[in-house]
Amino acid sequence: MTASQFVQFTLVVTGAPYTSQAPQTALHFARAAIAAGHTIDRVFLYGDGVQLATNLACAPSDEPNWHRSWSEFLSAANIPAVACIASALRRGVINDEERARYERDANNLASPFQLLGLGEWVESVASTSKVIYFHAGG
Amino acid sequence: MMTLHILNKSPEHPRFRLCLEAVGDADQLLLIENAVLALSVEGIKLPGRIMALASDLDARGVSVDGSVDAIHYDGMVALAAAADRVISW
Amino acid sequence: MSVLIIIDQAPYGNWSGREALDMALSLAAFDQPVSLLFVGAGINWLRKQQNPAPIQQKGVNRNLAGATVFGIEELLADQDALQRYGLGAEDLLDGVAITHYDQDLLANYLHVVCQ
Amino acid sequence: MTASQFVQFTLVVTGAPYTSQAPQTALHFARAAIAAGHTIDRVFLYGDGVQLATNLACAPSDEPNWHRSWSEFLSAANIPAVACIASALRRGVINDEERARYERDANNLASPFQLLGLGEWVESVASTSKVIYFHAGG
Amino acid sequence: MMTLHILNKSPEHPRFRLCLEAVGDADQLLLIENAVLALSVEGIKLPGRIMALASDLDARGVSVDGSVDAIHYDGMVALAAAADRVISW
Amino acid sequence: MSVLIIIDQAPYGNWSGREALDMALSLAAFDQPVSLLFVGAGINWLRKQQNPAPIQQKGVNRNLAGATVFGIEELLADQDALQRYGLGAEDLLDGVAITHYDQDLLANYLHVVCQ
């Protein structure tokens, strides 16, 4: 690969923070990809990975806050961030629209995440993007 | 077709064996997270060209000899960008 | 860009197999070529006689049995996994093809997901 | 065991709903224990198990709602229910007090769960209760 | 001391072996969730007195012969109440 | 009521080992007798040279090395796991006792947790 061959990545995170290392590894990868001049067209959270999109997590003050680091990175780099709506609803991560639909008292979807369907992921798979998965380890 | 295999499971995990069976001689195998522990297990034969994430090696106190390339996240990105196909196990 | 989705987790004990199946169905819904490969404990998704009603979960048999109707190209079962679990072709859902998990099989797909 | 030998159980759930079968198995066990005349002195959620205590999960209408089933069971049987506060904070399950402390916009702890420390679990272990664990499978 | 071992991992999981090594001849082994699949694996030798949750057997389409007791949740409660010690694997 | 907490998961890749350690420390804080047993991939918690700063996690070495100060009675390492990972006594944190995982070992504890 020559330096001019930039790649468009889609990152799919399926492991939850403070449960797996997946969101951490994915964030390190994402930062390094941007630093190298590549682009990230979408970050897609699936399965337990949607837990990264809650804005109610409160990390102890002596530990890194992976939720905030991710939100700040996505906003600063202007990367579209999607949590799979089916995964998120089951696991209690909802936006204002779903709060109203399901008649709940609150919503907890962190900015800049959106709740959208698997079609977003299909779009990445069908495109020229390189889709890289970050699963829970073990 | 050159495939980069990214493996993050410890050697006890059933996915570990599944990955090893999928790695061809011309492929690259990148060990990350708990998978770097495999480098200290006696008698595990790893196929293809072996790399490991330096920060995960450091975290777990695993040292490697010259047969393994310890790389950083920028190296991981470069490998993923260059590979024809990337499989995360 | 043909996609292979590998399921190596047993059914019902966790959600990862179901969510992998949802991925396959989504691809098919958007007319993207996709196949499912069942290996290891994942082979147990393909048993005929599943009845998850007593544990109040949805059976996937119906989805899997109708997979090709939904546009999924192949349902592949690894021979070693079948043997390990004492399963013959007669124990499996209709439409399952028996194959052998190895590098050559994976080489047929440009995108491989092992969730 | 004769019919008169009733036992006091503590149930510890460490697997998350819609991720593992643990909360389902634990609920079936709990109902059977009460039906048989035993008592449950405490249900303690730990690790990923704290996800059972969110009130924002929205199960599809054609699937059982394990969050609601658990809450209803606990309230009806009047069983003290605790989510480990350290596990819950990291994973974004908070009550009104923590919402205020961490300056969040909402709280999402389902009734009748309380956020308390591991000391609650220690109390069960040190007592005459039989502590039964329900971990994530795999 | 009679121990009830409750095992919910599939036979591929490393915890499965850990459990089997811990089961004594006088112990009881209760297979639940994915662990019931072990009853269809050829050549697995299970120690102690073997039981399995009927609903998990049904869900997975696993049939058992007379050497295994298929029990319900009330049976599981009775076993847990009677055991000197319960270990969940 | 002596408690044994078994750790069979490798460090850092998931949180279960850390949360098991927190359980042990809590018991010790309330003066309850507790021991920790490391088996399988969990044995890697006991390595001397861990440096998780590059992955921004807290090292547990300090907690483990001071375990007995905190009131944890024993840190036990399974011999087979040590051998599998090529670890000798000199590679381990101070205060670790080498043992053999089996039924007899577990029989010493009335409460066993394998999280």
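Points to keep in mind about this one:
In this document, chain identifiers A, B, C, D, E and F correspond to the written order of the chains, with residue numbering beginning at 1 in each.
We adopt the following convention: contacts are C-beta pairs under 8 Å (C-beta built on N, C-alpha and C of every residue); 3 or more make two chains touch, one makes a residue touch a chain.
Since we're looking at a predicted model, the values are computed, not measured.
Shared contacts of chain A and chain E, meaning chains that touch the two of them, come down to B, C, D, F.
Look at the CA centroids: the one farthest from the centroid of chain C belongs to F. Averaging Cα atoms per chain gives one point for each, and the point farthest from that of chain A is the centre of E. In this assembly, the C-alpha centroid of chain B lies 35 Å from the C-alpha centroid of chain E. Mean C-alpha positions place chain B and chain F at a centre distance of 26 Å.
For the pair chain C and chain D, the distance between C-alpha centroids works out to 33 Å. In chain E, the positions touching at least two other chains are 8, 10, 12-15, 33-34, 55, 88-89.
Residue positions of chain A touching 2 or more other chains: 18-19, 21, 47, 86, 131, 133, 135, 137-138. Multi-chain contact residues of chain C (touching two or more other chains) are listed as 9, 12-15, 40-41, 55, 57, 111, 114. If the chains shown are joined wherever they touch, the resulting network has some other arrangement, not a path, ring, star or complete graph.
Chain pairs that touch, as defined above: A-B, A-C, A-D, A-F, B-C, B-E, B-F, C-D, C-E, D-E, D-F, E-F. Residues 9-14, 40-41, 44, 47-55, 57, 83-87 of chain C touch chain E in their complex. Residue ranges on chain A touching chain B, taken from their complex, read 1, 5-7, 9, 21-22, 25, 28-29, 31-33, 35-36, 38, 130-135, 137-138. By the touch criterion stated above, chain E contacts chain B in their complex at residues 12-14. Across the interface of their complex, chain D is touched by residues 1, 3, 15-16, 19, 22-23, 26-27, 29-30, 32, 111, 113-115 of chain F.
Listing the residues of chain E that touch chain D in their complex gives 6, 8-10, 13, 15, 32-35, 53, 55, 72-74, 76-78, 80-82, 86, 88-89.
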